[in-house]
Structures are given as C-alpha cells and as structure tokens.
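Next, two complexes with chain A in common: one pairs it with chain B, the other with chain C.
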Partner chain A sequence: MNPSHPLQKVLVVPCSGIGKTYGTVSREAAYIVTEDLRPSETRLLALSKLVLGDEEARSAVEGNPAITIDGCKLACATKMVIESGGSITQDYAVLDVYRRYRQFKPQGIAELNECGEQLAQALAAEISQVVDRMNADQTGGSNG
Partner chain B sequence: MVDLPKKKVGVVACSGEELPEGTITRLAALQVLEKSRPDDTVTICLPLFLAGGEGDRAFAKFYPTISVDGCELRCAAKATEKYSNKPAVSIMVRDLIEQNQLSEPKGRRRLNTAGIQAVEATAQEIVRSVDELLGRQWNRRSGELIQLEISGAVQTVTAQDSNTATCSCGSGIPVQNVIVAGQQVTVVGLPLIFQQFSEAGKNPNSETVNELMNTIKIYNSISSDDEPEYRQAIQKAYTQFWFTEKR
Partner chain C sequence: MAETLELMIDKFIFRIATDRVYSRNGLWVKKEDRDVRLGISDYMQQRSGDIAFVEAKPVDTQVKVGDEIAVVETIKVNISLASPVNGKVVEINPQLETAPEAINQAPYDSGWFMVMETEDWENDSKTLIDAQTYFEIIKAEAEEEIGSK
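Showing the complex of A and B:
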C-alpha cells in the first residue's frame, strides 16, 4: 500500500430487514459500531443504494473492505456486496451470533427489547474487534 | 383447500440506513403493516429483488405496490420497477416533509420530534394509497372504510395475525410460465389457482375457464386485447394440470 494513501474505512453493511427482529438487530449493531464504537474507522452503507446500483455506493464497496450483517439466511447484505464487486472481511448472521449469546433473546421489530439491544451491543463489540484487527493490518502494511 | 393469497397491497420501503428519512420510511411502513392496515398489506425487503428468487421478483406483479423512499435517489421506486414491476404509487418522504411544512428530521437511529411527525405523515399517506388501491373509501360519518369491491378470492382468505408485519421474505410467490400467442409469459399465482380449482373439482370446461380468468386477472394485468389468447393458453394449461392431477 502507498504510505501516503489514507487508511481505508471499513464499510459496515447491515441487511435491510424490515419484518423480522434479527433484521432490526443487524441494523442496530451497525449503528452502534459506526456511531458509538468506531465512528472514524467505519462507515455505514445503505443496502438500498447497492440494489439500485448507485455509482458512489458501488465505488465505496469496490475500494473498501466490508463487514456484512445479515438478519436471515437469505443473506441479502453479503450477496449484494459480492454482487457489487466488494470484498467481505467478515460476514455475520445474527442467528449465529444469538447462538453465542442465548441469554439475550431479541424481540420487537420497530423497537428492540432490552435483550435485543444487548445482543446488538455484543455483536457490535465483536465487529469492533474485527475493525481493530483490520486497521492494525492496514497500518502494519503501510509501515512495512 | 388451498387459500389464495388475498388481494393485498405491497409496501416496499427503501429503509435507507444512512439517513433519518430512510428510518422514517421503515417506521412508517411498519406502522401501516402492523397497526393501520395489517390485513391489507404485505412487505418485502428491497434487496430480495436481486438476492431472492423469481417468486420474490414477482412481488410487484402480484401485489399493487407502494414504494416509499427517503430521498431523491428513489432506490425503492427505481429498483422495484427495474426488477419487479412499476410501483402503483411512489411516495417520497422529503416531498411529504415539504408539503406538511415539517422541520428537518434528525437522528437516523432515534428520530427527533420532526422525524416522528414525518413518520405519521408518511404512514397516513401510505394508508390513503392502500385504501385507494383496494378500491375503498373512508366514510367520514361512521369513521369506517367502505368496501366497494369484494371478489370471490378475497372472501376465501384466512385471517392474518393482526399484530405482525406480514413479511414476504423468502416466501416467494409461485409463478408459472405459459405460452400465449407463441410467447412465453409468466403468470403469477397460477400454480395456487390451479390447485385450488382442481381441489374444488372444477372440470376444465368453458365456465371454469371463465372463473379461472377472473381469478388470474386479480393478480395479473391482462389487457382486453390479449384476453382471448390468454384464455386459450390457460385452458390448455389447466386441462393438462387437471388430467395430471387426476391420473
């Protein structure tokens, strides 16, 4: 990597799940990472732009590593990033995350219950660690 | 007995996570799906038009669809038209904010007061469009909907859970290809319709084909010019289905 090239932002792409709780968890986790935990290292990308084929969104996906979060097995976020020419560093399925944190049973669609919020927090913490590793690799690459 | 899906209205929200207006589309759609018109509406996640199957892409052909967009990109309207069918109604939140002279919404994760007002205004506009699409009018005296049009298919529907947003993700709408005037045409809902008619013991005679056509036209747009060719194709396809089932 060119040392003068600014560090890439990690794209966080949640699914656009509207009718299911896990979709809401995916979105909430993405907000926690991009607004609270790692705001300067990450960027939230709306899936609808990739569906439309928006040039700026496609360009962002082509030029930055992505972490996808899917609410159901259809894995729309992961499929759309791949379809748009992106590379995925880590893909998360909320159901799998829930299996690791069974004490946090999420409920609610428009608004998550407390357990749903806690599950989103737990997922966001995992994502933040991945972002840190990616940034460390990037910085190491730049220095080396 | 197979229940045909009731004639419902599809609501496709852009759900744009990057903007407060995207959150407004999602919350307004959910309000309509869960509270205002739970029995009359259904939704699908926008990405399924690409990431899903043929049944998902048939969504806007099967249901008259209202697209709800947050911004001028109009991702929901354009993607719905590109991959499924032209939306019957397109709503844009920023237009409604302007029309209702609301303040700027803020907080894509937690909306401010102006954002919540915009959710209400958007939900009201969706409801108005749903009722219009279903051929209904609001009786201001009784405060109830006046149902103007009831079809046989509508009456056979099983009641839905009125507190849950009806999400079509992964359910897919069954489609079948038939040859109409030498061209392959996709008819949405046809496998279910054939199954229902066959189970009701309806022979493939002229009267049955009339009934079939009436039911098919609920879910498919067929012009009167094309109807004779469709009729022939449907008669042939149903006769084949009938004898295969009875074998």
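Showing the complex of A and C:
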C-alpha cells in the first residue's frame, strides 16, 4: 500500500429513526462494525448530519464509499446518501436481514432484547465482510 | 388495477378496492366462479406495518368461519387472520413465502393470500360488507383514534 494514498474509510450510515425497533437494530449494527469489528476501516456517520446539511458530513460522503442500513422501507439513509452525492456500495434493510435470520426476532426500542442484539451482530458480521471485500479491492487496485 | 375509494388521514392514504367485499376485521374477499380469493385490505396492511413472514394454512385445509387461516408477522405485530368463509384452501400465493412485501406493495393484486373453495357462499356472504360500508367503518375508527390522541 502506498502510504501517500491511504485507503478510504468506509462510511456506515444507519437509520436515524428513534423509537423504532428496526432503527435501533440498524444503529446497534453500525456501532458494532465501527467500534468493535472494523474500527480502523470504517467510520460511523450520523444520518441527521446529512439531513441538516452538515458540510463535513457531506464532504465525507462525497469522498468515501458508504454502506447504508435502513430501518424501514422509506430508506432514508440510502436516499440521503444519494442526495448528498455519495456512492453506496451496499444498502441493507433490517427487515430483509431479519428474513434471513428468523430465529432473531428483534424487540425493544431503547434497549434491544437478546434476539435483537443477535440480529445486530449478524448484520454487523455481514457488513464487515463487505468492508473486507471493499478493502481487498482497493488494495488490489493500488497494487496493480 | 381495481377502482378504489380513498380515505386520507393525516399523511396516510388508505385505498379500499370497490370490486370485492370485506370482513369487519380487514380481509377482502373476491368471488371467482365457485371460489373466493382472499387478502388483507390496504388499511390493514398499512396499520400493521411491513410484513416479515406469513404462515398460511396449507392447501386442502378445511376451515369454518372464524378459524385461523394465516398468521402474519409484521415489524409491529403478529396477527392471526380468521377465515371469513366456510370452505377449503385450494391455493396459496407463493409470494407469501418468497416475497411477502408484495402484500404491502399491492394488497389487492399480487399480494393476495389464498383461494378458497366455498361451501355456502350465499350464506357466508351475508356477514361480509361492501366497500362503502368498510370505508365508513375504518374512517370512523381512524378518526376516533386521532381524536383520542
């Protein structure tokens, strides 16, 4: 890797819906990825900053690939990243993820139940794999 | 696409297809020769939220009015659907398993639930209501709910 061209950080942009179980799962998964699983390769970006037009957030979105996690079909995270000029490598909808992990039925809002935590973990693991592939592509690209 | 009555409440628009009848708990029933096709109303699907899973009674299940014909799990609630007719399940919408979001996207079309062979439609249909009556019921329900907030 050329140190003068550091790898881009992958932005993880979860749903900002407060008071919704699936929104909480999306944020929990984002925290797990950015704080525990891939802290040096990813960065959490609060959707509210994009909604408010925060310059630093917009610039981050314009300069880095993003993974979005939406809590409902309104898909606010995905729409806002696109509207802010970003490029989305992978978009997740928590409901679709739950359909793949039916054993983890999420419940709770401020605090998820154990299944909700497990669903967030499963989603975070999937996102981490995507991040790894993105980084492998970047590294391969910069070596080639 | 069926013609619909439209009820606007706050930011929501609920559509009631006029070419079928309804049970009071939100199922629509459409007569097709000797069978009936069933589904849930737009009002019910919007109130219940995005559907995650549907477990319908299998083909050949014999049911009476009021028997459970399906359980719907949404992001908000689990709902048990009661049969509006006496009869036998003869067809299940395969999308219930592969793409249950069809129910949210097109509750009166591709989001149908099942086809049932009826035993006594003439009698069963007496307990069902037309679109206009169903419209008035949900309108009163929604307005009462808004008024209580």
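Keep this in mind: the second predicted complex is superposed on the first by the 141 of 144 C-alpha atoms of A that agree within 3 Å, B and C clash if a C-alpha of one lies under 4 Å from a C-alpha of the other, contacts with A are read in each partner's own complex, and residues count from 1 in each chain.
Going forward, a contact is a pair of C-beta atoms (placed from the backbone, for glycine too) under 8 Å apart; a residue touches a chain by one contact, two chains touch by 3 or more.
This structure is a prediction, so every number in the text was calculated from the model and none was measured.
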Partner chain(s) touched by A:V130 [first = chain B, second = chain C, both, neither]: neither
Partner contacting more residues of chain A (chain B vs chain C): B
First, second, both or neither for A:C72, with chain B first and chain C second: both
Chain B versus chain C as contact partner of A:A110, first or second or both or neither: first
First (chain B), second (chain C), both or neither touched by A:L95: second
First (chain B), second (chain C), both or neither touched by A:T21: second
Partner chain in contact with A:E83 - chain B first, chain C second, else both or neither: first
Chain B and chain C contact sites that coincide on chain A, given as residue numbers: 72-73
In the complex, chain A residues that touch chain B: 14-20, 23, 27-28, 30-31, 35, 44-52, 54, 72-77, 79-80, 83, 109-110
Residues of chain A that touch chain C when the two form their complex: 21-22, 72-73, 95, 98-99, 102, 105
Sites on chain B touched by chain A in the complex: 13-19, 22, 26-27, 29-31, 33-34, 43, 45-52, 73, 75-76, 78-79, 108-109, 165-170
Residues of chain C touching chain A in the complex: 50, 52-53, 73, 75, 101, 104
